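Labels A, B and C are assigned to the chains in the order they are written; within every chain, residues are numbered from 1.
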């Protein structure tokens, strides 16, 4: 096969998956529109949680002191990033959390026989935008306000670097937070694990700099949840060493590979339910 | 009284059945405590900082360690069942029996609280005990006694509050999803995340009038030793006042709602 | 087209004593038990052939189909479906076949069926023209043209099953696995689905393996049947020839004017039932004339019928025997 046909095939595959992603999103939205009340109550519940997150912002600005070497305005950027990321994570969260149910009831069967990556379908089949809306709005407002108030430069490098680390955070979120849900292939109930993971996510409510040294190392290198919401802000404030810059971009790749490996193991282990 | 003891026991057995769920939800209680502990340590312990928000560092740490558990303890949960009763007509089975609906749920609520109370109170005892030694602040036995009294009242107060909110189901059929939002907002307003006193004079004054703070912040503040004897006594009086008022409102709503329920044909 | 050799699948499971004590004990030591769902199953299906897979609940029919479609890995043995090893799950293989399971659905519950069809079109990468042709042909044949835009949850069970079948055929598979496609349906819907399958197969020469509880499905559609019981193949052949295999017997029912004495019937054959003046006997086919003439002379016979043993009963005998 020559290079040209290889690339055209790759391109075709790409557009196909993109089209499927679009369809999943469209269908999820259409299905949700059938239950409008659920959709709006999803928004209001998320607003409730948003209130909790914003109370941290209030505490930090009311205290008015530097925390972990960050000014209140700078901290607002970190919390804003955390809130925005929460919104993005919540888009795929229904897919993740329904995984164990799909395994238990054997509805995976009808997906395995499709000539599309199973992991792709499982990850994006149920997409929910209701929780994205309040979080994205609040998160972006906080980031922009903090950025402006702290008097940080708006240059091509600062903005594109910030966005690059946001994107790397999105990829890392996907791999890192899908992993615990994959345990449902082996365990009867992984509710406890899912609940603990959700709680770990909330550590990002505050910039990592307030935590102890060992906790920071743990959360950056072993279980790199801190990378997700801290690195965009740390990059902006020029607090990343070259090594951390590299690690912040390498970790998502590394964990994606790990996630793929565990997934293929998990599917081999799958014993379809129901006869 | 015997039948309500029975209901209490049923609630207790139910809670024991679901003890593992409860243990897991405990974890979601501990993590915010860790975050807030680091946050307050970072704020108070930096060189040259003088924080003037009405709490010393020791009091704030004690508050952080206790408030999360207290709010978990007083939180409702029965409002969903009441909503189900009203929506699906399960209410009828209470109407034909010689039980008082509000009392039924009250005793069942208390029963369900027993296992969590044991766990949560031991958690509070351990954390505050350890913190007390580490921070070299002793909690006086009088304060512990007052804390327990106000905690029981807080539990009752929150029951009345949630019962009134649950009565809303008579007028709007599907509010179960809204309860989630309400209970989160209530946790914030009652000081389950941060004390309301931190957010300025206006918030403080308003929050001291409204009932919410008396479900979490007030008992917790007693334990931190922040309140004077007078403030404690008057706080308990306000708790009692709100309980009486809310019982009154609750039974009024119940009567009105029931009329509507019956005229709608059950 | 399909070769199955010594296919075996075991499931591991654990016993658990009840109560808290059992749960605690379970943490440290669990007794592992093995259930052989499919044991050493072998059969072949030719291109364009349709076979029925018959067996009682839990016999291993569904497990066999799941292995053939790559959903499950076998514990041992081999299978080839159109040259592919199913559990390698190659995309090329997945385009060749389709599976319909009566108890599982692939359609989106809250959306019209045509949306799910369109999703399948994108998944299987089918051109617009071919997709339109397929939908119009099959919806005509299944008589669901007016229902394509109705939400799946508003459809009746029968209509839903038709849609499931349509969704499975959008990529024109060469091989079709049908697992209980008529389960829970009323008689008319069952009949409609059978008619559809027959005419579809005549036109497209699809290779089909069909499992069903309903004898009628198999009787009408499948000239060849594989019977599985306790995970093993106990019969492979035509349904009509089954009787011959089972000893080639006939059933003789007589009605007499006076009550029959049981002892006088016994020498002729197996007495199936005896109820006052009516009795049913099972006798070997080659004894038929001899036995009937002697019975007629011996007893005051009023009515006399000879029938084949119903297929259901022969099959049930297979289920019991092993």
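The rule is simple: contacts are C-beta pairs under 8 Å (C-beta built on N, C-alpha and C of every residue); 3 or more make two chains touch, one makes a residue touch a chain.
All of these numbers come straight from a predicted model, not from anything done at the bench.
Chemist: Touching both subunit A and subunit B, which chains are there?
Modeler: Per touch definition, common to subunit A and subunit B: zero chains.
Chemist: Relative to the centroid of every protein C-alpha atom displayed, which chain's own C-alpha centroid is closest?
Modeler: Measuring from the global C-alpha mean, the nearest chain centre belongs to A.
Chemist: Give the chain pair that accounts for the most C-beta pairs in contact.
Modeler: Per chain pair, the contact count peaks at A-B.
Chemist: Compute the centre of every chain as the mean of its C-alpha atoms, then state which one is farthest from the centre of subunit A.
Modeler: When every chain centre is compared against subunit A, the largest gap points to C.
Chemist: Nearest whole angstrom, what separates the Cα centre of subunit A from the Cα centre of subunit B?
Modeler: Each chain reduced to its C-alpha mean, subunit A and subunit B end up 32 Å apart.
Chemist: Measuring centre to centre with CA averages, how many angstrom lie between subunit A and subunit C?
Modeler: Roughly 46 Å separates the two chain centres.
Chemist: In whole angstrom, how far does the Cα centroid of subunit B sit from the Cα centroid of subunit C?
Modeler: Subunit B and subunit C have C-alpha centres separated by 58 Å.
Chemist: Within the complex, which stretch of subunit A touches subunit B?
Modeler: 37-38, 41-42, 44-45, 47-49, 51-52, 55-56, 58-59, 62-63, 65-68, 191-192, 195-196, 198-200, 202-203, 205-206, 209-212, 215
Chemist: For a test of understanding, state which residues of subunit C touch subunit A in their complex under the given definition.
Modeler: 11, 58, 62-63, 66, 69-73, 89, 91-92, 94-95, 97-99, 101, 103-106, 108-111, 115, 118-119, 122-125, 151
Chemist: If you look only at subunit A, which of its residues touch subunit C in the complex?
Modeler: These residues of subunit A touch subunit C: 16, 19-20, 23, 27, 30-31, 34-35, 106-107, 109-110, 112-116, 268, 270-272, 274-275.
Chemist: Using the touch definition up top, name the residues of subunit B that touch subunit A in the complex.
Modeler: Counting only subunit B, the residues touching subunit A are 20-21, 24-25, 27-28, 30-32, 34-35, 38-39, 41-43, 46, 49, 51, 53, 174, 177-178, 180-182, 184-185, 187-188, 193-194, 198-200.
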